[in-house]
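Each structure below is given as structure tokens.
Presented sequentially are two complexes of subunit A, the first with subunit B as partner and the second with subunit C.
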Partner chain A sequence: MNKGRIISIHSFRGGTGKSNITANLAAQAALAGKRVGVVDADIQSPGIHVLFGLNESKMGRTLNDFLHGKCAIVEAAFAVGKNSGDAEGRAKLAGKDLWLIPSSIAGREISQVLRSGYDFNKLNEGLQTLIKELNLDYLFIDTHPGLNEETLLSIAISDIIIVILRPDDQDIQGTAVTVDVARSLDVPKMILLVNKALPKLDRADIKARFEAEFDAPVAGFMPLTFDLAENASKDLFSLSRPEHEWSLALREVAGAVLAMK
Partner chain B sequence: MAGVFDRLQQQINSQKQEKGITALDLADLSPGLRKIMRLMLREMQLNYPRLCEEMDSLPAEERLTRTDLNGALDKLTAQFWLTRVGEGERAIYKVNLKRRSGSSLPSGIWTMLDTKLKDRPK
Partner chain C sequence: MSEDIIQQLKTVYLFRGLSDEALSPLAQKVGVLKLMRDDVLMRKGERGESLYMIHDGWMKVVTEDSRGGELIINKCGPGETIGEMALFDQAPRSASVIALEDVTVLELKQDDFQKILDERPGLSLVIIHGLSSRLRFSTTYIEKAIDWSQKIAEGDYSFIDYTPTLLRRAGSDEDKAGQLLSAFFKMVKRVKEREDGLKQQVEKLTFEIDQARRKREFDEITSTELYTRIKEQARKLREQRFERQDE
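Now for the complex of A and B:
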């Protein structure tokens, strides 16, 4: 099998902080000297590019271009390490081996995918080709919340799946569905990550409860914080505020993921 | 203008895509076949000797006999979940994923959206 590992980040519901956590985990892996790719497979509502300082005017080729046969997948890979920019956090990625494959933010491109669909073999071929041609250690896949076709494919080809949930009954019920699907597709490793955890929560109790309910380890608790909300996706928070409790928690999760055999 | 063979090839390709496998279909396969399909998705294709090698490396309870494996490969190929190039020991297998479906909304809605998006300033 390809040596690069595929890590899919999922949440059953929107607003769990999935893209933010994906971007920061990928950045931490790149800082640790790994060769890392991030694919925005949330074709219907892309967003992770913002965290890497991209906007529509700066965006070159995209995943949509590749899916429609307009370019090779590697041409859609934006080298973050060569275009890290001036933002305090992202600047730390200068020279690092991190690539982002953005989805198009152009309305017409999104509507074209929704209207006509596309060849799923091509999407899979693109993901596997990225690992080979960029010689990646890790490929992170950010998907649309819930279960759709891209989500299911990413689960089926993953080595590790990280399921993000908030301590909220709607998230908990939905997570049970994601966990069941991942199990039925034989994903080798699955971890849970609790985000937006209030300080007053009894974490030990929640960890024990979730681990018993989902039969998967809770890799960490990310605190609910106004500081992250204030960052408003302008920078990679774990790099711009490395000593913040959110960043410390994220680094702990990144360490656990990178240590997985 | 496309020739008759081009048109036939297009028709075959489109039939294959319509009948391809979805990720959820993988869940209904036997554990051994599912592992091999997952491996095929990652490797993009596997030749028959490698497939047999992978099958032999599985735990005994998940392993298929050669006869069962050959039968399963024939069945999966017949339903276009796998595509096969070549025959016998020299065959190469590839997973054929079902095309991502497009929207079933009336086309007028998309035309109107396209027109509006086209006029939108960047």
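Now for the complex of A and C:
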């Protein structure tokens, strides 16, 4: 298996639970003993840091600092395993090899990057350095919804893209375009993940039709659950509620991703 | 026949607390009616003036459906009492009762009954006792039905599992409130079965992709200079990584 795989998690619209799924997949990979990095490339609306227990006061260097040449990328890496804190789920990550590269939540810095745009080579160089210096098995990228410039960049440099969609018309239409674009960018592997699936839906039917329509495998169905919504931003749900149906579904997807050749 | 009549009077809940001796004067006033198939014992709307007890044979209790046709709402057989409230009031009969075969019916007229009551005031108390215990049962059943209705509205069907005893009693009792409760219970079980069935029914997702729009939006993105640049750079990067890994 080749080391240092870049996995970007994408959705056409916001609110699909992308950050939650990204953070939990990364956590599961770390729990399985992998060396894992998570990059919050959603510069416009960063948020994944909260799930890893990183708040504004604790936040040091960020991806923005690196992109502006203010620091090396490794300096922006927050070691989750050494700062897993008091939350029940996150505590299980103590001692694990998991790093988060957060995006700045300061408004000024956000607009600065948006004005000047990403430097493709700079971002890529940073990710490659990160993989090398932290000896990563996996690097997860949480992207901004839609298909803007920085998201196209993230997709383009990925080895695997996980496209999350809800089973509704708007998401399905937008996902069709995303899938076509990702394929056109020669992303080697693409999987679909159906989120917020109601129990009454015929999953076998959806799987067959989505796979036919998008020519990519459906790796799993994440059930719609209020328990997650209540807990979501406080902790890593698949760790704090490991026996919950959502967590079981997530672990199945994590297993499929880790098993990819 | 007299002893027979006393025994039958005892099955009427109104007279349940009375001794043979106390029932004897009532029994003497009871008349015997012989009916043949299709003979009408009472008609709906007529003033009720007698209580009837079926001695043998079967009768149908009928009313009219919305089109004026006959609608059988119940069947009554040996030992059953019909129109007992006519002993106290003279309200119109709520349904017609017609013989299904040869039937023997015992009749106690209101006038005779009230004369006996006048002579024996103690009898009234026993009868009131019978009526009030019936009323108490009815109230219990109605309260149950209210309680169940509220639970069903909240989707809580758990009471189905712990009420069989109550139902056996209700089902075997001749009183109407008990029958209502029994019917209500059966209905709830059916509703629950149907609901469970619906829950298990899977739904097919309906969706349609606008393929023309999909193509248009794809073209809009991929025709930009930015896209071409990204694609080219990504290709180079992949090659570099590939080479590095080969080393």
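What to note about this one:
Following the convention adopted for this analysis, the second predicted complex is superposed on the first by the 257 of 261 C-alpha atoms of A that agree within 3 Å, B and C clash if a C-alpha of one lies under 4 Å from a C-alpha of the other, contacts with A are read in each partner's own complex, and residues count from 1 in each chain.
In the analysis below, a residue touches a chain if its C-beta (ideal position, glycine included) is under 8 Å from a C-beta of that chain, and two chains touch if they have at least 3 such contacts.
All values reported here derive from a predicted model rather than from experimental measurement.
Superposition of the two structures on subunit A leads subunit B and subunit C into a clash. Once chain A of one complex is fitted onto chain A of the other, the partner contacts of A:K200 are limited to subunit C, with no touch recorded for subunit B. When the shared chain is aligned, no partner comes close enough to touch A:L258: not subunit B, not subunit C. Looking at the shared chain after the overlay, A:L248 reaches neither subunit B nor subunit C.
When the shared chain is aligned, subunit C comes close enough to touch A:E213, but subunit B does not.
Legend: residue contacts after superposition of the two complexes on their common chain; A:S57 is shown touching subunit B, with no touch to subunit C.
By the touch criterion stated above, A:Q173 is placed in contact with subunit C alone, subunit B being left untouched. By the touch criterion defined above, A:V74 reaches neither subunit B nor subunit C. In the superposition on chain A, A:A32 makes contact with neither subunit B nor subunit C.
Comparing the two interfaces of subunit A, the one with subunit B and the one with subunit C have residues 2, 120-121, 124, 128, 149, 152-153, 156-157, 181, 184-186 in common. Across the complex, subunit A is touched by residues 199, 201-205, 207-210, 213-214, 217-218, 221-222, 226-227, 229-231, 233-235, 237-238, 241, 245 of subunit C. Residues 1-2, 6, 56-57, 106-108, 111, 114-121, 123-125, 128, 149-150, 152-153, 155-157, 181, 184-186 of subunit A are the ones that touch subunit B when the two sit in their complex.
Considering their complex, residues 2, 120-121, 124, 128, 147, 149, 152-153, 156-157, 167-169, 172-173, 176-177, 180-181, 184-186, 198, 200-202, 205-206, 209, 213 of subunit A touch subunit C. Residues of subunit B touching subunit A in their complex: 17, 20, 22-24, 26-27, 31, 34-35, 38-39, 41-44, 95-103, 105, 107, 110, 113-114, 117-118, 120, 122.
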